[in-house]
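Below are two complexes that have subunit A in common, paired first with subunit B and then with subunit C.
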Partner chain A sequence: MSTVARNLRVVRRMTAAEIAQQSVYRGAWIIFMLANICMPIISLLIWRTALSNGAQLPVDERYITTYFVLLGFVTMATSSWMAAFLANDIRLGKLSSWMVRPASLLVGFVANNLSEKFLKLFALVPMIGIVWWIFRDSMNIPAGPGRWALFAVSIVLGAVLVFTIDILIAALAFWMDDVGALVQARVIISSVLSGAVVPLALMPTWSRGFVDHQPFRFTVSFPVEIVAGQLTGRELLAGFGIQLGYVVVLGVIARLVWSAGIRAYSAVGA
Partner chain B sequence: MTSAHALPPVIAAHDLTKTYTFHQQRAGLGGALKSLVKRKYETRLAVDRVTFDIERGEVVGLLGPNGAGKTTTLKMLSGLLYKTSGDLEVLGHTPSDRKHDYLRRIALVMGQKTMLWWDVPAMESLLLHKDMYGLSTAEFDRNVAELAELLEVEHLLNVQVRKTSLGERMKLELMAALVHGPEILFLDEPTIGLDVVAKARVRTFLADVNRRRGTTILITSHDMDDIEALCSRVMIIDHGRLQFDGGLDDLVRTAQPRKLVRATYATPVDGARLEGLEGVTAVEVSGQTVKLQADRERAGFVMEQLTRLGPLVDLDVADADVEDIMRDLFLRRSTLGDAS
Partner chain C sequence: MHKQWRHLRLWRRFFAQAVVRETHYRAHFLTTLLVGLVQLGLGIVPTLLLFGFTSEVHGWSRAEVIALVGVYQIVTGLMATFVAPNMNRMTSYLTEGELDVVLLRPVSSQFYLTLRWINIAELTNVASGIVVLVIGLVQSDLRPGFGQVVQAVVLAGCGLVLLTAVWSAMSFLAFWLQSVGPIGVVYLSAVEAGRYPLVFFPVAVRAFLTFAFPVAFATTYPVRALAGDLGWGWVALGAGLAVVAMTLVRLLWRRGLLTYASASS
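For the complex of A and B:
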């Protein structure tokens, strides 16, 4: 059996077990999802109020509405929370019990991520469905399935990108005693630069060159833009090229840093 | 278990060395602030040019005081740590490469770290290992049945791991480690924290596994009963150096060349007659009891003399307790180390 096939079987097994474990905490993930969707809804109401009071924005009400209705789903779908946990495992030597087994060291984190997303879908999709129904007349809904397919692909690539960035940050724990500050900095910076707080379309004109090409845009904003915005075919092509480029380049860097880190691993503790 | 000397050793270490680099930080706010600006890095030699071979099917005890380098050695052998220098080959592989073919042939059990999922039954972890090690259903079922019977844990396989006792959990850890049939089992303090009954069960199980499957076992333990029950050979590591490598009997003879003799008489005796005897030391006479230490080769003669002291009720001749020998050995080396 090939390494990939074996790891996929392990991920499948672990994801099933993780779902079984997490299903116990139903209340927790419903509350978590409510929190996840609250911020986009509040932002939506604020921006719609601003527009109705005559605010001059570079985007219209339909864009803003579609953007914030989809934001909660995309943020959940592409998010990763493994950096702090992985860094902790490295620092405290908990990686050891995985290192002596013939599977990727990351399968546990992949399974945890997939299982939580699977469960959250059940809570989040109905909530977004309600919001969607409320604002259905003032949203940009793509007519054909093409945009939705591209939307799905960009979400998968965005999720891989976030996961890769997390591995890269966590791998620094092989050399640094604590990467907590770095993890926190990433959360703050990415929440702004990904478009999770304010649509990147509202960023100052002078910053657009940087904002449109930095990696965090492709973790949240770009997938939402595919549906909400009026991206031309050329812009879509360029966007996917850049997104894929970031996945490949950061993936290679993460792999190199991880390999070097494993050599420095001190496997602390008995 | 007899060693197959015609075959190459399953573990071959030559001048194996490992150094760690770390920085020191003084306690308190001042020390913390100073360490932000300037750090003093130090290198510590954890394992120093250790050379040994281990044959297939051997059960070897790796002994030493805390911080001696035995766990570091075990971690290098199992591929967790990269060696700093020297040569190391286990089952024909360089362990730190962590190749699939290598990892599927070994197992490491750390007494203080778990490889079982905490919140689900142990069977989930076993099934994970089935996928991980590519076991067929028939092979998996056979191994689970055999190990569960040997360890007497059939009733625990479908219980949440966190609801099991420490002893039960260690049995389940051993089961998870052995379900894929590893050729080498590395054990780091496998009986730590267990009660005497659980310890005995684990020792019997490990001896069974070695006998039935021919599994090579390398074990570190501070419990000398583990070592006496399981190991035909011991290696003592101290200050990173291999200080002794041989049979447990050899260790006892080398470290404590005298027999401990205790004679009990029906009436009080005069022990003064034993004082001048060649090869006799540490004579203690207390009423009807005489305790002394005798050179091994003079033990027969000394016992003959003891029978002439008075009406003998009981005579006990023993080697020094391994635990006492190890304590003396480590204390002596620690004192020497401190002095140097």
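For the complex of A and C:
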């Protein structure tokens, strides 16, 4: 059996097991998702007030509304929280017990990521639905399933991208004692550069060249833009090209760093 | 009065101990300072971008909103120093039976659970908040008189008490829910609404942010007092609400305590 097929089977089994385990905390997921949509709703109300008060924004009310209603969903769907845990497993030597197993330690983290997101969906989708219904008159809803399919594809690519960045940061634990500060820096930088705080369309003109091409745009903003914005066919093609490029390049780097780390690894307590 | 003095003396001891403790963790002090500054900078980004597109929103200029961000930073810094470290422990107090030991002590257990732990390093955020407030006031040409400053301080104090009451009430739900860690996350996300003046929100939301989740008293009203827009009536309203909120939380605590059946023994 090929390695890929085996790993996929392990991921599937572990995801099912994780879902069973995590559903014990279903109340907590509902409350966490409530916290997750607080910030987008606050931002939505603030920017709509600015618009109705005569602020000259480069985007219209429909864009702003659609953007912030979908934002909570996309940040959840592409998020990753494993960097600190993975770094701990490397530092404290839990990696050792996985090195003699027929699957990578990372498989467990993939399963954890997928299962939590699966459960969060049940809490989050109804909440987004309610907000959507309240603002239904000023939502941009693309006709036909084409845009929604692209939206889904770019969310998957975005999720892979965030996960890869986290592997890269956590893998530094092979050489460093504490990557906590780096993890925190990643969270803070990406919150602004991904468009999770303010839509990137509202960033100042002088920063656009950088903002539009840096990797974090493709972790949150790009998927939302596909639905909320009027991206032309050309822009869509370029966007997907850059997104795929980042996934491949960062994936290759993560792969190299990870295998270099495994070679440099000397387990604690072994 | 004797009892109140004893609690005040006790709190002074908590504070002194926290200061001594902080001197052992100087790196923690420095990272808290740095993270606080970065978060302050990021928190102000939406405001700066917003006022790049307009010069005023519902009568608020950029400088006034910056002053408001300063007040927000001061109030949330005080909460993070004196209240947050305790709220984050509520789950373990109740589910691991640590409350048993507290109940045996000759001190109000609610007081002890709410104010025992102090995170001195967060006071750096209060300092940076004061700087931002002063910058905002200077830029906005507001020159508050003595009376207005007193109004603002009292209103911010009421806001502090009200927010503590709300957070305590949310945390005391641990008596019935067992784990309240996630509820703290909801509180911290919702309090972000205090970064903006009340009038930036639709009318229904304004009522919510004044009476149900009262961030308005912590940020908007103090700044309006500094601008001289508020009379003493508002200060009285704030104080009245603070007393009502404290009474309600006290009742909730009593009800919760009745359901407590320890965790270990």
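Throughout what follows, the second predicted complex is superposed on the first by the 269 of 270 C-alpha atoms of A that agree within 3 Å, B and C clash if a C-alpha of one lies under 4 Å from a C-alpha of the other, contacts with A are read in each partner's own complex, and residues count from 1 in each chain.
What we mean here is this: contacts are C-beta pairs under 8 Å (C-beta built on N, C-alpha and C of every residue); 3 or more make two chains touch, one makes a residue touch a chain.
Keep in mind it's a predicted model, so treat the numbers as computed, not measured.
**Student:** Quick one: subunit B and subunit C on subunit A, clash or fit?
**Tutor:** Here subunit B and subunit C can both sit on subunit A without a clash.
**Student:** Touching A:Gly54, do we find subunit B (first), subunit C (second), both, or neither?
**Tutor:** Second partner only.
**Student:** Mind working out whether A:Ile130 is in touch with subunit B, subunit C, both or neither, as first, second, both or neither?
**Tutor:** neither
**Student:** Give one of first, second, both or neither to describe whether A:Leu237 is in contact with subunit B, with subunit C, with both, or with none.
**Tutor:** Neither subunit B nor subunit C is touched by A:Leu237.
**Student:** Could you say whether A:Ser266 touches subunit B, subunit C, both of them, or neither, answering first, second, both or neither?
**Tutor:** After superposing on A, A:Ser266 lies in contact with subunit B but is clear of subunit C.
**Student:** Quick check for you: in the superposed arrangement, does A:Met39 touch first (subunit B), second (subunit C), both or neither?
**Tutor:** Only subunit C; A:Met39 stays clear of subunit B.
**Student:** Does the superposition put A:Leu202 against subunit B (first), subunit C (second), both, or neither?
**Tutor:** In the superposed model, A:Leu202 contacts subunit C only, not subunit B.
**Student:** Closest Cα approach between subunit B and subunit C after superposing, in Å?
**Tutor:** 8
**Student:** Overlap of the subunit B and subunit C footprints on subunit A, residue-wise?
**Tutor:** Touching subunit B in the first complex and subunit C in the second, no residue of subunit A appears in both lists.
**Student:** In the complex of these two chains, what residues of subunit A are touching subunit B?
**Tutor:** So the residues of subunit A touching subunit B come out as 1, 3, 6, 9-10, 12-14, 17, 20-21, 24, 93-94, 96-97, 99-103, 263, 265-267, 269-270.
**Student:** Help me check something: in the complex, which residues belonging to subunit B touch subunit A?
**Tutor:** 20, 71, 75, 78-82, 96, 98, 100, 103-104, 106-108, 110-115, 117, 119-120, 124, 127-129, 131-134, 188-189
**Student:** Going by the contact rule set out above, which residues of subunit C touch subunit A in the complex?
**Tutor:** That would be residues 31, 35, 38-39, 42, 45-46, 49-50, 52-54, 57-58, 177, 179, 181-183, 185-186, 188-190, 192-193, 196, 199-202, 205 of subunit C.
**Student:** Taking the complex as given, what residues does subunit A use to touch subunit C?
**Tutor:** 27-28, 31-32, 34-36, 38-39, 42-43, 45-47, 49-50, 53-57, 181, 184, 188, 191-192, 197-198, 202-204
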